[in-house]
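One structure, pasted below without further comment.
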């Protein structure tokens, strides 16, 4: 027994790396199915808030992420665009991460084609603007002055969907797809309470716990946390896609890491004295 | 006769239908019991908006057409509203102009129309009253802040509680000295203008003084030229302060690289080669917290961490012997710095916390007994 | 299995594997990828910043429509922007402090009001809860925990008095709440990192190797 | 002059933006909009300055043949090529078929996604080697982490619906209360630092940004 523990303690961590890799690859390649995705009430809150909007409303979709967290944010972005376009809601996209623009363009193009929506008429992507929370606050003064042109360089005065859009008074809801700073936290601070706009957020799992206070205080109407949250939302929208496919690999990896914590504590049992503090 | 003439005039208008509807409703408004339509300036805005409210008696119309006119002008449709709705904000009016409104039922049924509202002007406000709570809370805090900073500047010192993390730092340096091994100080991965890095430089002053005194080898790898410059200055003068300038070596503080993971790989390399007895991870850390803490743990160093980055705290808590968490990290640096601005701010934060706790307790008790005015005051919606 | 015929996907796959090679150990291929990444991303950022922000928000209105609205005022940011670059000249360094001073006025102001409203007032508002909800024991208990948890956490970070007696007891409880919240953050961070790995594995298996049959 | 003007600029712009928060009147609000737009442009210029600095440092290192000079050349080449392509294509950068987009999709996107994917491996290894349960507090942390890791994936629900429910409760009640405490403390810190900066009481080294993930 002691020999086994000693062996464990001396384990090269690259074996752990290998195990993680295999546990993620196997379910994706063999496509076995562990358990169905069951939506949480936070995901339902997100879904219902959008369902409650009347047709023809205008929603600001902030895609504040880049390829670094694409696996978590992109599926939510895609699913949110599907729900919005299915309900004939107009979408205005903005991105405060420079590398988020092509991802938002992809989302709008793909989903726009699915629902036969036209760029400029049913949706527009205003693109990136430098300045983080300053951009949000500035939009409260004037959206056309903050974003004089869209991501294609077309003046907003020539874009039908932007007609009559002055500031947040004409925006019925904000959908924040966020990876960190600047993102959901800053939208809450600079826009939600200040300009009284309702908001739902789809965020990376790392940042999700931070937003529960906002959710409980009513500053957010719904919250999707990480790829699991995206999978729940995909189920609600009725189009399981990228995130749902990843859930089996996700389950296995979680169990493995929990097991690693236990194994580590057994292996190193009594190795070091408990420290103070 | 009069009616016919008006009807003729209506034919020339482009929106003949809606005009006719308005006209009928106007005439009939005199005869049937229509419901009142209340128009008022939308409060707390920059003008350009009028809010309408109404309570329509049953049965309500399927839809309304909201019509608007300047006083003395003709009605023109603004929008279509569902019958179940009770309010509408018209954000497309001119500030200072008087408008009259009416709800016209669709399909046409003059009995279901509203009265014409009293003339109303949109006004631009000079103060947004929904933000009075923000003003009050900020004013209280800033008042306390400047009061305490002023006091601290005039030499007042308050007693603060001991911060166990500071004692742990001394203990760790002592242990390293006993074991005859070095200490490693990692000041985070942000630039020198980051407040966490500045706090780290203050803590570095203490660590380097003790290291100089005990003649323990101290290494400070940095990831930005700016931090490197300041850290070098801090360590050098600390050695001078304890009269050990001769013991200071120029390679103790190093600039490694600004690339995040390359920096981590290099610092981990130092840990594995030098096997320091104590690691200090104090500053702004991101994803690298986990890698540094793991390697440090595996070489058996005593680890003391401190950061205000919430996401990284769990990794430090499980892998380090002591973690200065968030405010504790700033407080530790404030106490060490003896800087009036920092001490005054610490004292002011504490005082405001007592105030906030009182508000929450009193507010909750009031709410439990059905009194919601304090909750209402803190509402921003 | 049908391999991608897109050269871009092959380069992407090479770079992905190059970065994963860091898992084995720090090596030249990884270093190559990392430096290339820094260069390309800095280039990307500067292009986007110029084309999508500086040009449409200042240069275009200033130089094509000077008299319209209040566009002439854009001379101010133009001057401030130029001043920034004075630090490349030995004696002009002090001028570059002006635009920085401007930024240092605007951002803290935004943060002060944003944090005061969103994180102070709203959070206090959200914690004022009824401590007795008739007929709903669950909510009553949760409200006590929310109010008590917040107060004890605030006391934990209270520095003006020694943590002894009742204060010490409260701080102790605060630590338990804090540890649960750290556990939650730990779990969520694990989730996030695994998801990102899944994303990359999907790219390699699907886009590059064409192995997945969805 | 050299010292006072910047302090005055900070003071005036800071106080104006603080006041404008409370005043919706167009007289103030329109100027507020202008000031914010100016700041956006100036921040944009600081990014350009940052890249110019990056270029300067790396060119110098490459010239001196210091340590990793070969990699510095890779960095410089990546930077210059991306910039040249981007600026030559101008507003067409957002076309899917542009060369700038090709660089983005081929180089930028795979590399930045993989950087953070590395952490999945490290987190597993750290779980084994550096997650020590040696106090009641650490035990509490571990239990919460376990419940969350199982409760947030479909597998947890398949084992027993109690697990996701417990995870939800943990997130919404105890963790929520503690996070709110941290949030309030951090807000006070930001406000104190902010007002000290505006009033010129803070020693600053310049710069505006905060870090990423």
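To keep things simple, chains are lettered A, B, C and D as they appear, and every chain counts its residues starting from 1.
One rule holds in what follows: contacts are C-beta pairs under 8 Å (C-beta built on N, C-alpha and C of every residue); 3 or more make two chains touch, one makes a residue touch a chain.
If you're wondering where the values come from, they're calculated on a predicted model, not measured in any experiment.
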Hey, how far apart are chain B and chain D in touch steps, shortest way? 1
Which chains lie in contact with each of chain A and chain D? B, C
Identify the chain pair joined by the greatest number of C-beta pairs in contact. C-D
Taking each chain's mean CA coordinate, chain C and chain D are separated, in whole Å, by 3
Between chain A and chain B, what is the gap in Å from one C-alpha centre to the other? 20
Please compute the C-alpha centroid of chain B, do the same for chain C, then give the distance between them in whole Å. 13
For chain C, write out the residues touching at least two other chains, lowest number first. 22-23, 31, 34-35, 38, 41, 44-45, 48-49, 51, 53-54, 57, 106-107, 110-113, 115-117, 119-127, 146-147, 150, 154, 157, 178-179, 181-186, 188-191, 194, 196-197, 199-200
Where in chain B do residues touch two or more of the other chains? 131, 134, 138, 261, 310-311, 314-315, 317-318, 326-327, 353, 356, 380
Where does chain A touch two or more other chains at once, residue-wise? 17, 20-21, 24, 68-71, 99, 101, 127, 129-131, 134, 137, 146, 151, 153, 193-194, 204-206, 209-210, 213, 216, 218, 225-226, 228, 250, 253-254, 257, 272, 275
Among line, ring, star, complete and other, which best matches the way these chains touch? complete
Sort out for me which residues of chain A touch chain D in the complex. 11, 13, 16-17, 19-21, 24, 34-38, 40-41, 66-71, 99, 101-102, 105, 109, 125, 127, 129-132, 134-135, 137-138, 141-142, 145-146, 151-153, 179-181, 194, 204-206, 209-210, 212-213, 216, 225-226, 228, 231, 247-248, 250-258, 260-261, 263-265, 267-268, 272, 274-275
As the complex stands, chain D meets chain C at residues 2, 5-7, 9-18, 21, 34-52, 54, 68, 71-72, 74-83, 86-87, 90-91, 93, 100, 102-121, 123, 127, 137-138, 140-149, 152-153, 170-188, 190-191, 193-195, 197-198, 204, 206-208
Which residues of chain D touch chain B in the complex? 21-27, 29, 57, 68, 115-116, 118-119, 122-123, 125-126, 129-132, 137-138, 141-142, 145, 179, 182, 184-186, 188-189, 191-193, 195-196, 201-207, 210-213
Using the touch definition from the top, list the residues of chain D that touch chain A in their complex. 21, 29-30, 32-33, 36-37, 39-40, 43-44, 47, 90-91, 94, 96, 101, 104-105, 108-110, 112-113, 115-116, 120-121, 123-125, 127-135, 142, 145-146, 149-150, 152-158, 164, 168, 171-172, 175-176, 179-180, 183, 210-213
Which stretch or stretches of chain B touch chain C in the complex? 131, 133-134, 137-138, 158-163, 259, 261-262, 265, 269, 310-311, 313-315, 317-318, 325-328, 331, 346-347, 350-351, 353, 356-357, 359-361, 363-365, 367-368, 374-375, 378-380
